[in-house]
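Input: structures, listed below.
Consider the two complexes below, in which subunit A is the common component and subunit B and subunit C are the respective partners.
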Partner chain A sequence: MLKPKALSEVLAQVTNGGIQSTVLLTRDGALLAYSGFEAKDAKIIAAMASSIFAAHQRVRQTPASTLPQNMVGSGDLNMILLDAEEGKMAIASVATQLVCMVAKTSVQLGMLKAKMDALSSYLQEPLRQVSQSNN
Partner chain B sequence: MDKKFEVLVDSAIEKFTMVGVDVKGVLVCDKSGLILTSKDISISPGPVACLAELAATLSGRRTTVCLEHNENQVLIHQTDKAVVAVYTNNAA
Partner chain C sequence: MTLPQLFAHIDGIEAVLVLDKDGTPILKLPTAEAVDQLDLQTIIPSAQTLQDQSQRTNLKKLKTVVTYWSARQIITYNVPPLVFIIAADTNVNTGALLNLYNDFQAITAENLSNKA
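Presenting the complex of A and B:
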């Protein structure tokens, strides 16, 4: 089972240096753990991140956009990086869940991606074990 | 962590300066061309990452690329996880 307090502490370790909030959520948009923003904002971020990720996955899976396996962009969607006017966001797939990071505009995209890669690698195995035990 | 990264870049520039190299700026990006940090440089990191990758493909191993013209030179080096570009002024 996941320890909620330990999970929040892990998320808190990356929520610094311009990263305003880190959220762990299910594919359906339910909030699992968060750090940075308050619970109300974290729930909104979780819902939005899930929706954005699902929308991109749907586009990739429609018959009209089916890509051959050896083409760039084929395969599972791993991460979305958003660069907006007032901030940046990264949404990554980890086991059967999603992780979302919200950052200020001052954070470089490469740094955001590097932090997300590190967090995803760290959480991959524990979350995989949890999802297997639930099945 | 980002502050530590910048301190690392600053100390690397100091070392260059100590051996008489006039560093104009430093750019650090990942292999996809996404910028990690930069100092006094506003150049897009994409071509830097692309050049480093091309050089590695051509030579078969990690290589330092040197682009030089009359006034400046650029040194591009690919490490395990990042690409570093150092922009310097040529010695008079």
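Presenting the complex of A and C:
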């Protein structure tokens, strides 16, 4: 069973040092938990993150089952890091869900990735259990 | 500075694709066959989608996108009017690859000033 308050607290632990918001969402873009920005902004981030991740998955997964091992689309998409003029964003796949972090430009991509890796591995097992119990 | 010189000090780069602003391939390294074999051009629509979506958020103009797959990492550099896409092994130093953004900017600026 997922405890929303506990989830938000876990997300809050990484939302510091230039990380502006951390959002846990389903692959459809539905918000599960968030920390940082207001709910309205978190919903927008969730929608954008889901759309960006799906854009990659869609492009490469269409023929995924038939792709030769050497092709770009072979294997799983684990993480996306975006570096833009006015901020950075990281989106990672955790079990059947997604985690998205939005950071200021002052945050280095390595730090963003390290935090995302730490959060992903912490949430992996609990979220996997939830997704298994739903199946 | 030429593109092959830029990549000489980074081991593990599998392919490089350079696109113009319309997404048309203008250069494939090391060979066209190598890039075609990896099917790197499947990235083209998603690079454009990402750019559109980034502009809709507060992030403004997108500079680089790193995607980590289980078998390799793919980095897309948005250096108007060109887009550079690099496919590399997962073990390749991502920092060294990201640093190429500055070199790409210099090459693009040099190229444009030569045209002017």
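General remarks:
Simple rule for what comes next: the second predicted complex is superposed on the first by the 124 of 135 C-alpha atoms of A that agree within 3 Å, B and C clash if a C-alpha of one lies under 4 Å from a C-alpha of the other, contacts with A are read in each partner's own complex, and residues count from 1 in each chain.
Assume a residue touches a chain if its C-beta (ideal position, glycine included) is under 8 Å from a C-beta of that chain, and two chains touch if they have at least 3 such contacts.
Small disclaimer: the values here were computed from a predicted structure and weren't measured.
Of the two partner chains placed by the overlay, only subunit B lies in contact with A:N16; subunit C stays clear of it. Applying the stated contact rule after C-alpha superposition, one finds that A:S121 touches neither subunit B nor subunit C. Shared-chain residue A:I52: touches subunit C; no touch with subunit B.
Between subunit B and subunit C, C contacts the larger number of subunit A residues. When the shared chain is aligned, subunit B and subunit C each come close enough to touch A:G110.
Residue contacts after overlaying the shared chain place A:G75 against subunit C, while subunit B stays out of touching range.
Of the two partner chains, subunit C is the only one that A:D83 touches; subunit B does not reach it. Overlap of the subunit B and subunit C contact sets on subunit A: residues 81, 109-110. Interface residues of subunit B facing subunit A in the complex, by the touch rule stated above, are 1-3, 5, 28-30, 32, 34-38, 45, 81.
By the touch criterion given at the top, residues 16-18, 81, 107-111, 113-114 of subunit A touch subunit B in their complex.
Taken in their complex, subunit A has these residues touching subunit C: 44-45, 48, 51-52, 55-56, 58-60, 67, 69-89, 109-110. Per the touch definition, subunit C reaches subunit A in the complex via residues 37-40, 42-43, 45-46, 49-50, 53-54, 56-72, 74, 87, 94-95, 98.
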